[in-house]
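Presented below are the structures under discussion, each in the form of structure tokens.
The two complexes that follow have chain A in common; it is paired with chain B in the first and with chain C in the second.
What follows is the complex of A and B.
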């Protein structure tokens, strides 16, 4: 029983943190897909830029871990807003393949630049001593770092929930996702909503790249390597279904961790098969309501 | 996506009859490379194989409009099938290629129903995820694929029992070049057939094709399997000419590479694939010599530039120059 509880706690904690990081990384793409229908291949690039920024700010300016993360998140959010106004705005009217190609090209440029400037190897973000300790739970020891990720995730999810459900920006965002032209007709500044959502999404990607660096190691190829994982969340969520992406990310995290933990040989495949089946049966997303399309 | 249409009206659907000009356009550069770079024939074979792979993508993407980021699956499965066949003792090369390509086509028959009922981004995601699945599977099944070490010990019988494989790659080059010419002419003929025109109709407007009673799913399935068959041929040829299969044939990078090649060359007109592969590999090689990390930046900018400004790739640019020339001649004429 003790061992069972220990395994369960392991799966829930590791899977949960994995899911939280996935959520933070991919929420921006979920919003982008819902609002602008742009399959932004370069989304992971913002996460990588954030991660590298944290590493360098800590090493050069001597900032501590937490303020470096906040700094990088804000910087990348600003960068995202600028990129949306200057580059992405030209992509909205293009056909889907063109959008994919342009964002893929941008992703290549970022990957190449990171490799050129920082070298091709994995870099790690040094954790502060308060996070690198272990804590005992159910007869096993777990890193405090994982609990930190869970806490950050809980805060982000709570804030998201509040903004999404209780503020007028949230209402504007929901309206723009559901029906863009109708929202515009009622006087919602859809352009500004799009820019803000993009900026928040890229900022959160940077945050995910930073706090998740132990789970997804930072390297120049990061944006391409973890693209399938981010795509899995988006595909399972359905487009723009922001609330259900939280559940999806945590389900994916726990399923993947449980699969790998319980069946080490084949567990990695569980999640891919799940995605293919779900997308084939329910293209609108795992938790999409059945009404409408 | 801009589909390349030549300014010469008849090329919009292409010709169903055999044309000597097409054969000449293919054969002269291939022969030229053979004569000019006798010591680089192994590299040239690789370029030809990649051109064939890009051609296979053109069938799915350019003609039928199936957007995929997972075409390497068929390439890789063809390569591993060809490699495993010779290791199992089937050393006749031509039947080996056909059998391997058949494996890829069968795989397309299995994954096709999942991929083809979708359009747009869900389709891209599913193809990408299938590609990742196969890469992971190839990695895990080390007993079959050799895992990270790759598949070694590929030995082939002479072609037709006569032409021995040489270390300079002369035989290999002629062999892949012959495959390229045959497949190219077949694809061109298919593209101009009523079937090919129906595929273009599906690409332009799927719903309308459905409404006029065209069997959309069946057409798409056939085109997807044909495309996978050709990708399988390319993969098998890579395995046979290099006598080695590495795990990277299944990787997502290979899938992305081939899309970039096709886009640089020009989507939707078979010659684009043949131009794009050498151009991409040349740019990659030169920029890697200059700086090992610069090539991604260069390819990235090239991709953005071609998509936004030079739509239709090199072939589109060539056609628009030719079209301008043509129209000037028309206006000058009395």
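What follows is the complex of A and C.
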């Protein structure tokens, strides 16, 4: 029984943290897909840029871990806004294939540049000693770092909920996702909403790249390597169900961790079974509302 | 154009006649094609191959047996047997190379085995370590290792440290399976018990789940085999997080070469590896090699098992050219000449086993420690003249 409880606690905590990192990494793409219908293949590249920025400002300017993360998140959010205004704005009217080609090309450029500047090997973000300790929970020890991820996730989710449900920007965002032309007709500055949403999304990707660097190590191929995971979250969420992406990410994280724990050899594939089942039975999204669009 | 060729013809005929009379007089060049991975996920190997060869050339010159030696490099650029085969053809047919060398991946080597068999071209394997490769063509020689040499030695080292209960974790691909089999077989033959084995998908980077299982099985030795890079770093971190790095003997193969150690955090301290090379080896050959590397490529350059293999491989290639001194070039004869040859490599004494064409070599037990604030692999033990197992041993 004690072993069972220990295992359960392990799956929930580790799966939960995994899910939180996935959520932070992919929320930007969920919003972009919903708002602009652009499959932004380069989304992971923003996460990688954020991660590399954290490593470098810590090593070169001596910034501490937490300020480096905040700094990188803000910088990449700004970069995202600039990219949206200069590059993505030209993509909205193009066919999907062209959108994929351009963003995939950007992804390759980032991969190549990272390899050229920082070398082909993995770089790691040194954790502060406050996070690299262990803490006793449920009769066993857990790394403080995992709890830190959960805390960051909880804050982001709370802020998200508030902004989404309680502010006029949230209302404008929801309106733009649901029906772009109608939103425009009612006087909502959709262009600005799109830019802000894109910027927030890329900033969060950078944050995910930073706090998740222990789970997904930073390397030049990062933007391509973890793209399937991000796309799984997007696909299971469905178009525009921004709020449900939180639950989807946690479900994916826990399923994956439980799969790997219970069946080590096949565990890595349990997640794909989940994807197949969900896409077959609920193509609109795991927690999509049943109303027609 | 026609006139020019008419003018050149007698000259060409004269040149041809001369070359037929005395093949070795006009400083003939032996070309060696190096198939490597210079870009893509295995780019580190290609870099090491070039550095190892460059260091050897810088120390021993560009000539052997009265002939010039020229290396021609080709980049496969990723795990692609089709590209390896095409480049192999190009090297053999267009560049007319006399020998091949390099090979990071088993699949790179298997892709050219029919080519070298047909053209009777000797090929020296620097890294590809699956037993399938020497079996696929009699023209393969090896200055890397047979996976089982290090894996079986890991089991022997474990028993020497009086470990009894082993858990094996390997990446789920052919080299991982070979390593798993060799360790498991040797550990049990020496009286140990395998209490758990797991093959994890190659793309795994978060090992927390499997490490949780290992911890619950309470082993006293954990044998690991995962590719360097993200998987290895993830595994070490998870093992340390769960306290296994301290409570058990975690032993791997080449996951934490010295040049890779800056990628790890302190979680890797206490990690053992069983491998045929270590940067810290203090034999004179290795010290000359490391000094030359630093001189050629900058003071921060560090060797690894791939550059050590390339250096020793270059020596073997030079010996083959040397053996044909004064004769017309004959690849198979050059190969026969070096079967059974032994020399002092940068990894210590080595010998080409004439029966298997594998390398007989020392296997070292290394442990990652913090020396003067820097992570280092410290050599703490060695097994001398370890032979590669026979194919029958591997199959049963």
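The criterion applied here is as follows: the second predicted complex is superposed on the first by the 292 of 293 C-alpha atoms of A that agree within 3 Å, B and C clash if a C-alpha of one lies under 4 Å from a C-alpha of the other, contacts with A are read in each partner's own complex, and residues count from 1 in each chain.
As a convention for this text, contacts are C-beta pairs under 8 Å (C-beta built on N, C-alpha and C of every residue); 3 or more make two chains touch, one makes a residue touch a chain.
Note that the structure is predicted; figures quoted are calculated from it, not measured.
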{"item": "Chain B or chain C, by number of chain A residues touched", "value": "B"}
{"item": "Touched partner set for A:269, first chain B, second chain C, both or neither", "value": "both"}
{"item": "Touching partner for A:260 - first (chain B), second (chain C), both, neither", "value": "second"}
{"item": "Chain B versus chain C as contact partner of A:159, first or second or both or neither", "value": "neither"}
{"item": "Touched partner set for A:82, first chain B, second chain C, both or neither", "value": "neither"}
{"item": "Touched partner set for A:14, first chain B, second chain C, both or neither", "value": "second"}
{"item": "Touched partner set for A:182, first chain B, second chain C, both or neither", "value": "neither"}
{"item": "Chain B versus chain C as contact partner of A:232, first or second or both or neither", "value": "first"}
{"item": "Which of chain B and chain C A:120 touches, first, second, both or neither", "value": "both"}
{"item": "Touched partner set for A:59, first chain B, second chain C, both or neither", "value": "neither"}
{"item": "Chain B/chain C common contact set on chain A", "value": "120, 265, 268-269"}
{"item": "Chain B residues touching chain A - in the complex, by the definition given at the top", "value": "1, 61, 67, 69, 113-114, 117-118, 120-122, 124-126, 128-130, 132-133, 136-137, 140, 252-253, 256, 259-260, 263, 291-304, 306-308, 311"}
{"item": "Residue ranges of chain A touching chain C (in the complex, touch as defined)", "value": "3, 7, 10-11, 14, 18, 120-124, 126-127, 132, 134, 141, 143, 214-217, 219, 221, 225, 257-258, 260-261, 264-265, 267-269"}
{"item": "Chain A residues within the chain B interface of the complex", "value": "33, 37, 39, 90, 95-98, 100-102, 104-113, 115-116, 120, 220, 224, 227-228, 231-232, 234-235, 239, 265-266, 268-269, 272-273, 275-276, 279-280, 283"}
{"item": "Sites on chain C touched by chain A in the complex", "value": "41, 43-44, 172, 198-201, 203-206, 208-210, 212-213, 216, 229-230, 233-234, 237, 241, 243, 260, 263-265"}
